[in-house]
Each structure stands twice: as C-alpha cells, then as structure tokens.
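Each of the next two complexes has subunit A plus one more chain, namely subunit B in the first and subunit C in the second.
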Partner chain A sequence: MATITVEGKEIEVDEEGYLVDLSTWFPAIATEMAKIDEVEMGDDHWDIINFLREYYEEYQIAPAVRVLTKAVAKKLGKEKGNSKYLYELFPYGPGKQACKFAGLPKPTGCV
Partner chain B sequence: MADFETPKFREYPAVPLIKQDEMAGGGPFVSRAEFDTDLGYPGELPEDWKEKTLDKMGDLLGRYRSLQVFMDSCIKCGACTDKCHYFIGTNDPKNMPVARQDLMRKVYRRYFTFAGKYFPKLVGAVDLTEDVLDEWYNYYHQCSECRRCSVFCPMGIDTAEVTMAAREILAHVGKAQKYSNQIIQKVYKIGNNLGLPGKALKGILEDLEEEMEDECGVPVKFNMDEVGCEALLMTPSADFFAEPHIDGLIGYGKVLHELGITWTVSSKASEAANFGLFIGSYDNMQKISMRIREAAIELKVKRIIFGECGHAWRVAYSFLNTLAGPFDFLDQNYPIPQHILEVTYGALQEGKLRMNKEENDHLTMTFHDSCNVARASRIGDYPGSQFDIPRAVIQAACNNYVDMDSDTIKDATFCCGGGGGILTDDLMELRVKGALPRMEALKQVTEESGVTNIAAICAICKSQFTKTLPYYGFEMDAIMSVHQLVSEAIVMTGSEQEKDLDGTEEDDKTESDD
Partner chain C sequence: MSESIKKFMFVNTKAPYGTVYALESLEVVLISAAFDQDVSLVFCDDGVFQISNNQNTEASGMKNFSNAYKALGDYDINKLYVEKESLEERGLTLDNIMDLTYEDEDWAEKPSIKLVTRAELADLMDEQDVVISS
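Our next item is the complex of A and B:
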C-alpha cells in the first residue's frame, strides 16, 4: 500500500491517492495532496473542502455536483455557483480531486 | 495532469501507421479480494491458475457456441483493422480487433484444436503463461465492447463477446479489474454504482422537486420508494449526481408529469447500469437484474421505464426477460421494459407535449449514437428506429440540428472512448486517444455547420465527453442530455413557461378592460 508523508506521519493511500482510512484525515493532508497535484490551496478551496466533509458526515457520500454548486451559490454568491468555478479551483473536477483532498472516498460509477 | 500527448486531428481519416507496443503495459488497476469475493471471484492468482484458466475457457466455449465460432471463423481479411477507435487513436497494432482477438485465439488453438496441440508453431498457437495472461489483461481492457468492428466483419465475429469472455476468464484467476468490480460490489451493498445511500438520494430528489416548483410553478414529483405509482424509473445513478446527466433526469420528470404518469425510483435498485455485462459475467448480470424485478414487485408498479443509459438499455431490451422474467405482473399494453425516449416520442406523435423550440435557438445540435443502443438493441419498433427516435425528439425540442459524417453515426457510430468498463481515471490516456475519431467528426460539423453542442443518451458517453472534450479544444459542457433539451423546451400545463407564452388570465382581463 502506498503512503504519503504529512507532518512526519505516514498516511496510507490507495493506488489512486485516496485515503484508505477516512478517520486519519487532518487539514495538512489536504494541503500536501494539493501540492502533489500542483494545486495551491486558498480560502476558496477550503470552503469547498469543509462543505464536502460536512456533507459526507451526514450522507456518507460526496455531494452531487448540483448540490455542491447550489451550496456554493448560497454561501459565496450566485456567480460562483457553477461547475466552471469549481473546475477552476480543482482542475481535475470537484467530484474527484476535491474529494481526494477532503479525505473522502472516490465517487465511482459513470461519473 | 496525465502524461501523454493528445492525438492531433488528421486531415482525412486514413489507416494509421503502426506503433508497435505503443500501449503495452500493466493495464488498469487490478481488483482485490475485498471487492472480488462478493462477486464470486478469488481476488488473487491461485496456485493452479493455468488449469483454472483453461477450465474456464473450456467452460465458456461449451456454454457459448458463439465464442467457439468466433475462435474458429476469423479469415484474417483485415476488414476490422482500421474500424476500432482505440487502434485509430493509439496506433498500437494489438488494438486492431483481429489482433486483440488473436491473443485469445492463439491459446485456444494450443489447447483446444488438434493442429495446435500437435503442431503449435505451424498454426501460431502459444503456450499459456502468466505473461500471456498479463497481455490479455492489458489489451482486453483496451476494448470498449462497442462492436463497431463487428459491423464490418464479413464473418459476423463479435469482438465484444471475445473481450467479455477474456475478462470473465481473467476474473476467475484473480485478474479482474478494480473499477468494474468495486462498482458491482457497491450495487450489491448500497444499491447503485456510485454508492449513493437512500438518504442522500432522497435529499437530491426533494431538492429537485423544490427547484421545479420555484422555476415552473408546477409540482413535478421525483418520488423514491413510493408504493403504487404507475412506473418504476430505472436510470443510471449518474443521473442523480453528475452534469449534464441530472438535467436529463429533470427532463424525464417533466415529461412524465405532463403525461400524468406517476413514477418512482427505488432506493434498493437505484441503478439502471449493469456492469455484469462489461465483465462478461452472466451470474452477476443476472443478480443485478433481479433487483429490478424485486423493486417492481415491491413497489407494485405497472410499467418499467429506463432512463438514458446505453448498456443498461442493452441488458434491459435484449436480456431482461431471460435474466429476471417473466414480467407477467406488469401491464402488458406497454413495452416491457420501455425507454424514456419511447415515452417522449410517442407523446410527441400524439400531440400531447407542447414544445417551445425557441428556448434552444442558441444551440445547434448534433447527436452521438451510443454504441449499445445503436448496435445491440432498439428503441421503437422497426429496424433503425433507435436512430430515428432520438433525432426526432431532439428536433422536436430544437430548431437547429445537423448530423455528423455518415461514416461515424448510426450503426457505424464511433464509441465515445469510455464504454465497456473503461471509464476510469487510470485509463485516461486510452480514453482520450480513443475519443479521436468522434472528436474529428464533431470538429467537422462545428466548422462546416456551426454545431455548438452534442447530445447523447448514455451516462458513460456524457461523462467521457465531459472529460475528453477539453483535450480536443471543446468546452466540457458542450455535451448535453437529450432530455435536457426536452426539459428546456417543454411547456407544461399551468407552468410559468405557459403563462409567459400565452399571457396569464389577469393579463387577458387587463387587455379586455382596455
């Protein structure tokens, strides 16, 4: 099993770079994973990551794109409530890349 | 992000120059026991793998007469060679359909034919080694089971069935693909490919109802587990989750509302897709199909309607009755199962749906025929109706429509590049390269006819295009659902849209007062 090193701790990740054990997540993991993917984490990124984690806590799945864009629109303004904005933050897609940084499992299926 | 070069558009389609071993490698991530055992596979290479491989091969050759015929009847004419989008996009000669099939054929000859047993070198037969299995694993996951090559094969060899058989054999010796098997396990454990639990699904559907009420002013229902509705909607879980899929779901909801057809989804069978087909496993395909039957009985519906999903429709249209029938408890006056496009098209024919095409005047559409609908099933009731009906529905919703080059549509349609269990990030290079012929045809109509968007009726095609369009210089949201166009144009009775078009009663009153 692959690992990444964050603040001196060895964290187990699967072959696609997602956390193996969701409970091992702490914020520096997101920063480190973002660094690997060449994404610079700003406040806007953290808003999304925090929302993902809250939603997951309640529903045991990442939010649907529409749920996410609506939540973003509500919190950050209508002009940001669209997938284009989310893809600007997370070039590989909010569903997959942001979930990875947030420590969530990868959404599978025809998405 | 991925480290490869996007193929360049070619001036004109030609047989590609060969690049030997261009796509050699380990293939997609291999599955593990934690995903495999629920599906009936060992999850690791057993000690007696060689015996088990040949046993399984013998079993499949005996069970499927077709496979035996396909192993024996190739005449090496070469008609299939340049028909595969993966060969066109990758230049790897092992992606010529004949060469990919031959990986299995060589082993078949060695152990199942007289000549191969005694004179292997003379007939190109090879011994089964672990390297051979690894090569199978790599190249049988570079086929999307789209069957375009089969259209051109004079012997009628179905490459998809060879690929399916190879994957089924591999799975029995612990070399299954992680992507497909993890998904099937989620179907068994949670009810759908995504792993979307009932609570989350319910939340999404309630949100949609609220949204419809706000936007249209009519109560469009998106029921879950509602007993006694007329129809059970079986749709890919991507329709609840991704874009543009969910815009299609909204379209189904509006059409069914306008026609007064009550419907529900089932949290237990919240997935139309059946990846059992992709991995060539009859047992898993049947187990996945049985959920549909059980849900239909529990929810006491009279009809089963399928949403926009290509291979789900193949399994439903071609095999559902054998896998999970008889459906004698459903209303026999409707097709069993029925496609949402048949519902919409039928209603349009009868003048039951009012469409305001101008809503889509900013678009010029083209249509991507999904392989499993185009070549492996039918929508409608006459040969070729699966090509006409989606186009008729699009044209009922849009004024501007142009077909792509005739060599790339209908039964000659090119795969999106992501079908058959290939839609996984670890195969992104293959997906992008395999999309080349479709992207070329799209490029042509954008330049010559001003096409702005492309519509599809398959969750995989939609997700694949969302990812691959940008590699070829298109916008990711150029891909749309067919029922998304319907959703934009439909004028529901009593809706805000109807009032805008016709004026409200108060407006009429004011006008007459003047």
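Our next item is the complex of A and C:
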C-alpha cells in the first residue's frame, strides 16, 4: 500500500493517490497532495475543496464534474461555476483532482 | 445527435441494505447520466424502501447512502416512478417516501417522484429502449 507523509504521519493512499480511509483527512493532506501534483493551493482552491467536502457530507457521493460545475455556480457564482475556471485551479480535472485533495473517493459518474 | 439518445429505465426491486444491488444500481445510474441519455428510475416491490424516509442502518452495519438519491436531481435524473401497489402492499404512502426534487432551467424546485399504478408502469416500460432491473 502506498503512503504519503504529512506532518510526520504516514497516510495510506491507493494506486491513484486517493485516500484509503476518508476519515484520516486533515487540511495539510490536501496541501501535500497538491505539492505532489505541483499545484499551489490558494483560497480559491480551498473554496472548492471545502465545497466538495460539504457536498460529500450531505449526499455521500463525490459529484461528477458536470454536477460540481453546476453546484458551484449556484453556491459561489457563475464566474467560478464554469469548467474553464475549475480546470485552471485543478489542471488534472476539477472532479478527479479536487476530490483527491479533499480526501474523497473518485467521483461517481466520471468516465 | 437526438437519434443517439435512448430511453433507459432502471427498475429497483430490492431492499436497500443486506445486498449490494441498490447501491450498485445507483452508481450505474449516476454514471449513465454522464452520457446524456433519457434515464428514468422505478421503485417497486421492496425497492420502495430504497427511497423511504428516516432510514437507520446502524443495526445492519452498512453505510446509509439514502442521501445520495437526493443528488439525482443534480445529475438531471428527474423521472422517479414509485409503484402505487408496492407502497400499499407494504402499508406505505407517499408520505413515507423522501421528498426528492430537481431544479428546472430557472432553478425552480420541482418534484421528481411520480406515483404510478402497475398498469401505467407496464406502459412506461413498453416505451423504453433499455430496461435494467435489479
């Protein structure tokens, strides 16, 4: 099993880098995963990550990117709820990459 | 493109917990939404319990995933047929069923649940290109 080291703790991840145990997440994990992917985390990234964690908390699923885009537009405004903006923040895909940083499973309905 | 859109109906007949059928079916439904098809869901027989209110899974040791049905509207899946006879046979009414909704283009909230009789359901099934039951 692969692991990443965050603040001295060994955190288990699967072969694609997603957390094995979602309950082990804490914010520094997102920062570390971002560093591995060469993404510099800013407030805009955190907005999306916090949004995803709330969505998962409520619906028990990680939303597909199409659904995420729509939901972000509704909550944070149209200038953030579009795929161009989200792909700029998360170049490997706002669904897949942001869910990974947020400690969620790979989104349901992402193909 | 319109000729490539098919009508898919997913028929849910089993209780939500104890087997993986309900959860697996839901995952297939959410994935199918990515392909822009005409998707509808049916809840009949014990399948009506999948979307019943106030589910408590503590004793079963399974994760309560019932809130995931509330996300169907976000996935543009808004035709959820509940069979009237199945509810009645189990002493249930629509009051026992979750209030599942979707938002139309103007973000107005609309109900996704439609109560249908067994006979109406048979007609609906007749219109489908694909019927998948679990």
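We adopt the following convention: the second predicted complex is superposed on the first by the 104 of 111 C-alpha atoms of A that agree within 3 Å, B and C clash if a C-alpha of one lies under 4 Å from a C-alpha of the other, contacts with A are read in each partner's own complex, and residues count from 1 in each chain.
Basically, contacts are C-beta pairs under 8 Å (C-beta built on N, C-alpha and C of every residue); 3 or more make two chains touch, one makes a residue touch a chain.
A quick note: this is a predicted structure, and the numbers were derived from the prediction, not measured.
J.: Which partner, once the models are overlaid, touches more of subunit A's residues, subunit C or subunit B?
T.: Counted on subunit A, the partner with more touching residues turns out to be B.
J.: Quick check for you: in the superposed arrangement, does A:S83 touch first (subunit B), second (subunit C), both or neither?
T.: So A:S83 only meets subunit B here.
J.: Going by the contact rule set out at the top, does A:D43 touch subunit B (first), subunit C (second), both, or neither?
T.: A:D43 sits against neither subunit B nor subunit C.
J.: Touching A:K74 in the superposition: subunit B (first), subunit C (second), both, neither?
T.: Second partner only, subunit C.
J.: After the superposition on A, what does A:E15 contact: first (subunit B), second (subunit C), both or neither?
T.: Touch partner of A:E15: subunit B, not subunit C.
J.: Is A:A64 contacted by the first partner subunit B, the second partner subunit C, both or neither?
T.: In the superposed model, A:A64 contacts both subunit B and subunit C.
J.: Go through the superposed model and pick first if A:K96 touches only subunit B, second if only subunit C, both, or neither.
T.: A:K96 sits against subunit B, while subunit C stays out of touch.
J.: So subunit A touches subunit B in one structure and subunit C in the other; where do those two contact lists coincide?
T.: Shared contact residues on subunit A: 59-61, 64, 66-67, 70, 108-111.
J.: Going by the contact rule at the top, pick out the subunit A residues touching subunit B in the complex.
T.: For subunit A paired with subunit B, touching residues are 15-16, 37, 59-61, 64-67, 70, 83-84, 87, 91-93, 95-96, 105, 107-111.
J.: Report the residues of subunit C in contact with subunit A in the complex, numbered from low to high.
T.: Subunit C reaches subunit A through residues 27, 30-31, 33-34, 63-65, 67-68, 70-71, 74-75, 107.
J.: Spell out the residues on subunit B that touch subunit A in their complex, using ranges where they run on.
T.: Those residues of subunit B that touch subunit A are 1, 29, 178-179, 182-183, 186, 192-197, 199-200, 203-204, 207, 236-238, 240-243, 246, 271, 273, 309, 423, 425-426, 459-460, 462-463, 467, 476-477.
J.: Write out the stretch or stretches of subunit A touching subunit C in their complex.
T.: Subunit A reaches subunit C through residues 58-61, 63-64, 66-67, 70-71, 74, 108-111.
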